[in-house]
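Below you'll find the structures, each written out as structure tokens.
Here chain A shows up in two complexes: once beside chain B, once beside chain C.
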Partner chain A sequence: MIASAIYTVLFYAIAAGTILLALAVVNTRKLLRAAVALMGALSTTAGLYAMLDAQFLAGVQVLVYVGGIVVLIVFAIMLTRSGELLEDNPTLKRKLVGAVISIGFLVSSVGAVWGSPFAIASAGKAPANDALMIGKALLDYGPGGFVVPFEVISLLLLAAMLGGIVIARKTPPTGQPFTSGGDLPGEAEVYHPLSQRDDETGGRAS
Partner chain B sequence: MLMLPEIIVVVTAMAVLVADLFLTERLRMGVTWLSLAGLAVAAGAVFATPMNGSMFGGQFVVDAVGWWFKLFFVISGFFTVLLSMDLLHGRTTCRMRGIGSPGEYYTVLLFTISGMMYLVSARDMVLLYVSLELATIPLFALAAWRREDIRSGEAGLKYVIVGALASAFILYGLGLIYGLTGQISLDAARVLKGSPAFWFAAAMLTAGIGFKLTLVPFHLWAADVFEGAPMPITAYLSVASKGTGLAFMFQLFFRMMGGWVHDWALMIALFAAVTMTLGNCVAIVQHNIKRFMAFSAISHAGVFIMGFLGPHDYGVPAMLFYLLAYIASTLALFAGIVWYSNETGRETIRDYRGLSRTNPLMALAMMLALFSLAGIPPLSGFVGKFFLFSVAAGAGFHWLVGIAAVNSTIALYNYLRIVREMYIEPVHEDGPAAPASWSLSITTAVLTTALVLLGIIPFFYNAINGSTIAWLSAVLPH
Partner chain C sequence: MTATSLTYFAIAAAQGAFKNVTVSERTAQAFADGSWILAIVYIVVALGGLAALVTLSGLVLIYVERKLAAHFQCRLGPMRVGWHGIFQTVADAVKLLLKEDVIPEKADKAMHLLAPFLSMMATVMVLGVLPYSPILQITDINIGVLFVTAVSGFGVMGILLGGWSSNNKWSMVGAMRAGAQIISYEISATLALLVVVLFSGSLSLAEIVQSQDAGWWIWRANGVGFVSFIIFVIAVTAEINRTPFDIPEGESELAAGFHTEYSGLRFSFFFLAEFINMFVVSGMTATLFLGGWMPFHIGAWAGFNGFMDLIPPVLWFTGKTSVVIFLIMWFRWTFPRLRVDQLMYLEWKVLLPIGFVNLFAAAVVVLYNLYPFPILVP
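And then the complex of A and B:
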């Protein structure tokens, strides 16, 4: 009895914390604060997972999201020196439209979920899950296994990494004749000149 | 072995990546040959695989529709490589800054093709979603490949944001359906009773498909992304990405929620009508050829989804055939656009003036492709549209066929704008473009022949029809 009461209180506390932290992420104008609030929101989500008996998932959530991704975001914020949003304050009209759309989405999704029979919820208990089982299922090539999606994800990560490197690479690879152009007639009007880039880097150089 | 085509594509991608490390600048062209050879062998492997069968205990299944989709994806990839090679290896008159890294480019391109092929073979939500991401996330990078052009960066960024939004919608929908069924199998959802959560999930999934397939009102990203992306990637987006969206819609609307597809006919018809009309009407005022092609692609999305109406057994082969005709026509047109942009750097419709005098064969090919897209008999685009219109009419949506006919007229006006510049206006004063390279010549010749033959010879439609006419009855047992 007391255990379940504590459980309920804990659930609402964590849920309220998640919502407040998520609101903080989108409402603050300081990027670093948003990142820290995001870290909090992801941690409380891990708490929700743990309360649903998905301890492995909670651990992975903390390791990957809180420990990895948010740290990466903090790095990106620090390295780009853009501590604040450059965007103007949203106008009242934009705020109103945004509020109407998000409240409408909230109402319809809560309304949809409220009265529907969820098979997993009505089963009464969480499906069994431990790290050993998850690991086996991930590499199982029989029915109910996940080896194909597992391999597809590895391809996806490789492709994303390659694309990221090519776009972020600072100097063009040597010896490619078409990366040093810009002197041909007609090119300047078709392709945007480098002036914007020069403006950005000009300050640092001088 | 059923997965052979996918394995060949992936192995080719890896081989290209490794070969790129060791090839000297003079031999860098080798990665192009490797990609072309790999895709040609993969197309052969698709032919060699049977039209039904499953692997890994049902995780990976091939059926007739998946077989055709895979063939189309490999073909579009092959011709995209042919369209890209001049630009990537710097063999163009109009040098383009910031596009390079051919090895990585082909690798990423091949990975997206493998993702599309896995998508049509998926039978559970996990593989479906993961392969959809493999087919789209690398495209964000390809759209931003012209690193020193801010428009390309803008295209990449917009595509990332919209793609993430679409993924969020799809995941929310799939998550709700998983909650309702307790199973990840796509087939499990078909027995669901209608409940508010199910309708909500269906709405989310429709929105997600709308983004991928550029249905109005989810089309807003298309024009900017098409304009900013490198030209061959614009071509690839308008054919392969559209094919992926269609395959994804097949998976969700037929396989997963097939029991309701009749109830949603009116909604699909409304989407089709709005998408066609808006795409065609906005295309009237476009001047940039890439933006024009974006709105052309949007209006064609409206035509595609007409196949989801009505007596579905006929809708499936009609959509597949139209996809084939659309791929041939669009890529043939893009071969001309890529060539003109490579040689002169010109990208507006006005710039095509007088092309028939300076480069008559290229102008003829482009005109045929434009007429096929507009749906002029006897070209393949007409035949494809005819089948789709008759599906809609058979389902009782005569008003939709009327709207579609009006739209075909508007589309014809749009496409004739380019033909008029090419054939009636005086020659561009800045001089003619250099003749097309062999790769673009071959692409144009092959695809133009294909788009004519597809319309005249019934063999191709018969082949598609014969193998897929019974597909839907097998997927949706009554």
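And then the complex of A and C:
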């Protein structure tokens, strides 16, 4: 009984923390603080997963969101140097449109959650080793397996990665279209990361 | 304790008789038995033990680092405070605690205060899952390896926040460098770590140690283990920002990097986190590749193995960890600091391809059972 009481108290503490942090994300004026609050909200969500015995999901939540997404957001904020949102007084029209859109979103999402029947497996138990089960299900090509979505997602990620590299690269290889146009002709003989590049040719191979 | 009972204890430990009796499980057991006080005592002991470990290993590691640095350079190092200067770090710690804690006027104060705690939190969370001995582990979670990789994200956030909130260009550049470096080298460290996960078939750190009963993965894995050991050591050296990968705090260009604007207690948090991180990554290396608390055994030499079993598992863990720590400290006085482009070249064009090929080779080795000793953990 005491254990379940502790469990309940913990749940409400974490849930309240998640809600407060999520409010802080949208209410703070400083972008970096919003990112930190987002990190807190995502971590407490991981705490909720851990309380549901979904350890793997909790670990991945922290790994992907805290170590990946939030760090990426912080990097973007640092690089763009727009630390503060300076708009103090939005016009009445923008306030009205914003209010309508957010109330509409609230109504539709609450309605969707309210109206859909969730099959709660009240008697079910989480598997003892959920990482093992998830891994098997992800690579299973029989019924109930998810190998096709898994591979499709990896293709999508590969495409996104290639797109990022194409956008970021400064020096296009000669004769290739659709790159952003570099400052040096022909990358292959020019870019030597390990050689000293401070001679007067600007690192150009003679 | 007589030698006989010690031997019995060590053999039982090596056979896994005490497997998975972590402090958290004892707490849960005490709780289920209705003895509140015992459960609370366990929790207090665990927290106090972690605090003691952090403080003590911080003091020892800083002293050892200074002494080793001195002897590598044919100096004596600290000699005045106590015998051969063993109380030097205590004196330094007292000085740091008494110093004024300055917060820059234009700094983002809340973030400035939060950053060192995030760094420290990431470190201490890993200490909670390391198996120090078969009966000494705070908690063993199913996703141990994943957990260790995940919480390092908080460390990155701590450094980035510290750099940004100081409102100082040096801090900012240092934080950006540290962030980019840690994120990059995390990939190689994870690839190397996955090789061990492939061989042991488990993410739990205690089970990974158990799986090395027949031989440590560094040599039992037919070469791929050794390659991933080397990749892992290089990658974690970069992850904890130590020379030759210490451009985030390169003194000659960035003052002190991301912690330029920190002083007093908050600076010592960053400083301590850095040194405990060294203990953490060395402990991880020992756990994954060097058998954790497993004693050193050679095949069927019963006499030799029995003699090795006499040494308690905690000493095995500490010894292996110390060897890796010495290795990392040795790097510092051997290799010059890398430039930013060299750093990225090493990760993305050298370590990453080798890591992928190595992981693939490891998969082949595991799939076709190409390694000499039998697997004990299914």
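Keep in mind that, in the parts below, the second predicted complex is superposed on the first by the 119 of 206 C-alpha atoms of A that agree within 3 Å, B and C clash if a C-alpha of one lies under 4 Å from a C-alpha of the other, contacts with A are read in each partner's own complex, and residues count from 1 in each chain.
Simple rule for what comes next: a residue touches a chain if its C-beta (ideal position, glycine included) is under 8 Å from a C-beta of that chain, and two chains touch if they have at least 3 such contacts.
Note that the structure is a prediction, hence the values are computed from the model and not measured.
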Which of chain B and chain C A:39 touches, first, second, both or neither: second
Touched partner set for A:28, first chain B, second chain C, both or neither: neither
Superposed model, chain A: greater residue contact from chain B or chain C: B
Partner chain in contact with A:130 - chain B first, chain C second, else both or neither: second
Touched partner set for A:109, first chain B, second chain C, both or neither: first
Contacts on chain A seen with chain B and repeated with chain C across the two complexes: 194
Chain A residues touching chain C - in the complex, by the definition given at the top: 2-3, 30, 32-33, 36, 39, 55-56, 58-60, 62-63, 66-68, 70-71, 74-75, 77-79, 128-131, 193-194
Interface residues, chain C side, partner chain A - complex: 31-32, 108, 110-111, 114, 141-143, 146-147, 149-154, 156-157, 160-161, 164-165, 172, 175-176, 179, 183, 186, 203, 341-342, 344-345, 349
Residues of chain B defined as touching chain A within the complex: 10, 17, 25, 56-60, 90, 92, 94-101, 104-105, 107-108, 111-112, 114-115, 118, 124, 126-127, 130-131, 133-134, 137-138, 140-142, 144-145, 147-151, 156, 172, 176, 178-182, 195-201, 344-347, 430
Chain A - residues contacting chain B, complex: 108-109, 111-121, 123, 141-149, 152-153, 155-156, 158-160, 162-167, 169, 172-173, 175-182, 184, 186-187, 190-192, 194, 196-197
